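Same chain, two partners: chain A is paired with chain B first, then with chain C.
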Partner chain A sequence: MRPQPVPYDGGARPTLAVFKLASCDGCQLTLLDCEDQLLAVAGRLDISHFLEASSAVRPGPYDLALVEGSVTTPADAERVREIRSAARFLVTIGACATAGGIQALRNFADVEEFRATVYARPDYIATLTTSTPVSAHVPVDFELRGCPIDRGQLLEVITAFLAGRKPDVPNHSVCFACKRRGTVCVTVAHGTPCLGPVTHAGCGAICPAYGRGCYGCFGPSASVNLPALIPLLRRDGMSDDDVRRALRTYNAASFAEVEGAPS
Partner chain B sequence: MTHRGSRVLHVGSLARVEGEGALHLTVDGGTVSGAELRIYEPPRFFEAFLRGRSYTEPPDITARVCGICPVAYQMSACRALEDACGVTVDGQRAALRRLLYCGEWIESQVLHIYLLHAPDFLGVDGAVELARTQRAHVERGLRIKQAGNAILEQLGGRAIHPVNVRLGGFHRAPTCGELKPLAERLRRARDDAWETVRWVAGFDFPDAGLDHALLALAEPGRYAIDSGTPTVMAAPGSCGVSAGTPASLPIRQFPVYAFSDETTEHQVPYSTALQATLGGERYLTGAMARFAISGRWLSPLAQEAAREGGLGDPLAGAVCRNPFRSIVVRAVEALYAIDEALRIIDAYEPPDRPYVDVRPRAGTGHGATEAPRGLLYHRYTLDADGIVTAATLVPPTSQNQGAMEEDLRRLVQDRLDAGEQDTDAELTALCERGIRNHDPCISCSAHFLDLTVDHVRRSPPCP
Partner chain C sequence: MTTSSSVPGAVISASEGLAALVDVLAEDRTVIGPTCRDGAIVLAEISTADELPHGCGVELEAGRYRLVSRPDAMIFAHSAGPQSWKTYLHPQRERLWTVDRDARGRLAFQAEDVAPPAYAFLGVRPCDLRAIAVQDRVLGGGPHTATAYRRRRERAFVVAVECTDPGATCFCTSMGSGPGVGREDGDAAAYDLALTEVLDDEGHRFWVRAGSPAGERVLGRLPHRPGDAPSRVAAREAVAAAAQHMERAMPPVDLHALMAGSLDAARWDDVAARCLTCGNCTMVCPTCFCTTTEDVTDLTGDHAERWQRWDSCFDLDFSHLHGGPVRASARSRYRQWLTHKLGTWHDQFGESGCVGCGRCIVWCPVGIDITEEAAALHAESADRQAAAEETP
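Coming up: the complex of A and B.
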């Protein structure tokens, strides 16, 4: 049983740490993109370790640790254990930390061949054969989805932590968000293939609002019915290969675990 | 402490860069004998897993290389794939692309200026610490950054990994009514950007000069961002001009498709990022290269800011070769990007269709655009069905690695030659600043940056 989040008690500020594993930096950048709230957040939390933002680095333990990125090297597998032991409440931010990210495509391929394709001297490169989420290595207290995460959801997680409550992050599908936003269904109205019915909400249903189908960057939602969706995708012009690729991109490893996923 | 003796400096991690890596300096009897920028990025193998994907996918997929400059990846990918398919995007669709790119330039350059670089000049650990004493400055930076993000969010759907870009243009083109409200915010940001130029121009800049060749895209009539021809300004050393000269030097151009012939990527044992050279020589790409090569095409307002900021007259071929002053160049570029975004919005008329059709064909395409940190090159080979069979990405930071290492070597060597009795901490801090001068986007290729200076233990010379 992990320690429960510590409510802000008006006394010493809780400490925040941000860590990066294999990733693009985009999810921790989301924190710096909270322009209106950044200084307020810094007022409520003591930012003790956030290399992208400050040279001031203080040792743990940390009350709240945000971890971006997946585990792809032996060194990071060790590092994530150290982070866990220094963190009272550990939140993974984004598809890499939560589902292995796009680099988990190696899980379905021959990493030796990958390494030789990119590097002339593959022997210089230390890498694991898989890209795995943080939860495959250590217990995680909360997982925030998305490639990248949504700014509003990140602020909700931080606010909930400070208030000592569970974050309000619904796990229903993107379809709910389209309805709420008033977006006409791109599949029903235009026959555009869309992963929205099987994808975790959180982005605000952006893609359909811009006239394209959802491409699943938040990973599978709580209740996924792929056998019902795949025939619709085929009807709207996708080949078997197209369907396989669509499900094997930003959250390849988590979609692959869903019942009915193409092998 | 003696500089002839031996000592080892170690800094666990370099802060305020995008991504993480390491630096290894070897000092041997008062001479810096080696400077290695070690990039420990866990490899993510984009070039390998892009094979077998459809030609429509690389703009979204390669955006995930970098959360700081996803638009740059989307734009270079689109240009390369459209080149492969024989399609040109022009008119308002091209203008919208440039507008989106301006949003990223504003956001990214201001992020570097205020949150990553300025703290070096003001002796604080970061922008949050800076806000305790100079809150108005930090708030101004956040306001400009927010204006850049507003463009990305309106036109791209979101600021990081925007969703609206596709081959041939956009999934949906904005209405005039959607773009116009951005203008008011951008006009305020333009004033803030002017203030930024004045603010950073007043910083105290250490003496330094770089003598690398400079590489940037150039196109007549405008400051190259989303298109242009690779253009090389010769290194001062090759022309008998000293490193610190403000003069422009001879330039030459080569077509984008010759990029792989002109540059060589090679691997070093201490880095997971490939390093590039141009004709066997190290070179620098990024804001300083762009300003040297295309400064005359800045808007009149940005040119005025450059003069007022002490960079010289761009119309007279001003060149800035002090890497510490790159913060002023970035501030001028941010002002230009705002000015340019306003110009595009003012002239905007929705295109008849948001995109032109791009049909696949077998062949190879090349694309280069100016990411905030420098030239970003993509190459794709497609089969007749439009499946990617080979992909090459050359990010700016791997091109700049050799130049950054040389800058660090020179910074430390100059201190040693001057007989300065720097402490380890002072030298280390100087090296970290030397790295930040180039705004490396190590997350394009990096994981953990720490700094080690080895002073090689040698027997004292015979008396």
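Coming up: the complex of A and C.
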């Protein structure tokens, strides 16, 4: 779905709601982190539901909903449907909402075992056996990747919504960003294992700029060749276990779906 | 440069002479040259000759780059750094125009018109000299000139340094673009000064030739002596030896025809299985010029800007039309890159898009080698032809 441009006529502002499922709040805090642009955002959007910013909430429907977090409980699965029905344009923000987050590690394990080990009264805990992205439950209009999301990209998504255009959020690899900012390739020049060639750009290639390999916080890019990358990671000192762990972080579930991912 | 000597050019010392060159250039220009940073010899703004990579060398292999200390004090004995001069002449992102809307809804467009910096490029290798000439034809020639590129290019002062120590990934000789600056390729005005570094019993020095009046003026201000036969001979021998040391080569065939006849080759599947489609080869290539544009709006909605940024044929969005990308597979994207670089570039611009610098080989994380791929395509083509001749 493409949003209609919002007229700049000084009339009613479109309403914004921010919701959270299973997540750490870091991505929605990115909105508060917009500092210099925050007043401009508040000037263009009527912030109707944003518990991190204000306890005053107004009922929907909302023109733009930002949803953080993954679906890990039956209650969340129900709630995300309510959010969808109250939102004209729904954007999921962050690795939890777009890929299931770090908590999707449960997808590869026995949740019953966790529940019995962690909780004194496991029967009090109502949880699903998987952590899934919002898009697994309801249609999503746009997914913004990252753990956490990038502030500039969030502003771009909001600005694009207001203008009724497609956000400029490239789907290519982190390598593009490294080359554009002039970072020396840490794999080629230093032999440092790096997930950059398979990772979605968006962070601005921060880690390689400080001499570290990419951790894959933004999940797989649109064009991934894991069977070509894994031998490099092994050559540069990672064990098979290291490789598996590197691919099982914030975007574990989406990397696991990629062809050639270690089981 | 006119001297009383019968040997053309002049000689400057590697200490005072080179220091003076940087000083003179820095008087009214932004001097860009090689310098050591982050484990590589990168291109960056320098203010003195001390920042040049004295005694630094590189070990190159497919997918591998290592900075090493040289046993000598050579300054320009290295190749295939992580960037090329397009970083400055054809920057990764630049604004093309802005538009503002006034209270009555009228739009006022403003083309970007910022005076470009006056660069001095110090240490342009012959392969990169050719690459700049290639981009001149693409961006500065034809009916649609990239104005900003042309202005940066016109103001740039180019100090070429001939190559005396090619890396294992270099193949400029087979592309006819090095290791000497040459004159046979018609790029006579391609440099303002050409230097050849010589280090022998006679000392550490550069044999210098001016290629333009601006170059002559700069040379005239440097502490120099007339060109002498030993320096010239040593320089010529060093460049000739470099040509002999070139370890890689393109197959000596008509690459344009080879590419045109290889569109259905099985080799594309082979390389696609290895290719990360990360786009690094295109970003480091000194001739790859493709860009996309992005329109930026601000939150007020009354201001918009159009920016141009580097794009790559390895990006899925590069060929995205209605409904999806035209070149969805890695096979089709690698084929697009190689057949354009070595083949259809001739149709478009009358020359090859490859200058033999070897950067795409070095900076490909998985070490895909353009010379090896071309050779494999040639072998497959030859096999196909042989089989066809056997079949009655």
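In this text, the second predicted complex is superposed on the first by the 253 of 263 C-alpha atoms of A that agree within 3 Å, B and C clash if a C-alpha of one lies under 4 Å from a C-alpha of the other, contacts with A are read in each partner's own complex, and residues count from 1 in each chain.
The rule is simple: contacts are C-beta pairs under 8 Å (C-beta built on N, C-alpha and C of every residue); 3 or more make two chains touch, one makes a residue touch a chain.
The model shown is predicted, which means the values in this text are computed figures rather than measured ones.
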Three-chain arrangement built on chain A, chain B and chain C clash or fit | fit
In the superposed arrangement, which partner chain does A:Gly211 touch: chain B (first), chain C (second), both, or neither?
-> both
Using the superposition on chain A described above, determine whether A:Thr130 touches chain B (first), chain C (second), both, or neither.
-> neither
Given the touch rule stated above, what does A:Leu51 touch, chain B (first), chain C (second), both, or neither?
-> first
Classify the contacts of A:Cys147 with the two partner chains as first (chain B alone), second (chain C alone), both, or neither.
-> first
Name the chain, either chain B or chain C, that contacts more residues of chain A.
-> B
In the superposed arrangement, which partner chain does A:Ala163 touch: chain B (first), chain C (second), both, or neither?
-> second
May I ask you to decide whether A:Thr73 touches chain B, chain C, both, or neither, giving the answer as first, second, both or neither?
-> first
First (chain B), second (chain C), both or neither: which does A:Tyr250 touch?
-> first
By how many Å are the closest C-alpha atoms of chain B and chain C apart after the superposition?
-> 11
Footprint overlap on chain A, where chain B in one structure and chain C in the other make contact | 211
Which positions of chain C touch chain A when the two form their complex?
-> 37-40, 42, 63-67, 82-83, 87, 92-93, 273-280, 283-284, 294-302, 309-310, 312, 314-317, 330, 362-366
Mind pulling up the chain A residues that touch chain C in the complex?
-> 6, 8, 37, 40-41, 43-44, 155, 158-160, 162-163, 165, 168, 170-173, 175-176, 179-185, 187-191, 194, 196-198, 211, 222-223, 225, 227-229, 232
Over in the complex, which chain A residues touch chain B? Could you list them?
-> 20-27, 29-30, 32-33, 35-36, 38-39, 42, 47, 50-57, 72-73, 76, 101-103, 105-106, 109, 111, 113-115, 117-121, 124-125, 127, 147-148, 203, 206-207, 209-212, 215, 217, 242, 245, 249-250
Contacting residues of chain B [partner chain A, same complex] = 12-20, 41-45, 47-49, 51, 53-54, 57, 60-61, 64-68, 70, 111, 115-116, 119, 125-129, 131, 135, 138-139, 142-143, 145-146, 149, 157-161, 163-164, 166, 170-172, 266-267, 269, 272, 274, 354, 432, 443, 447
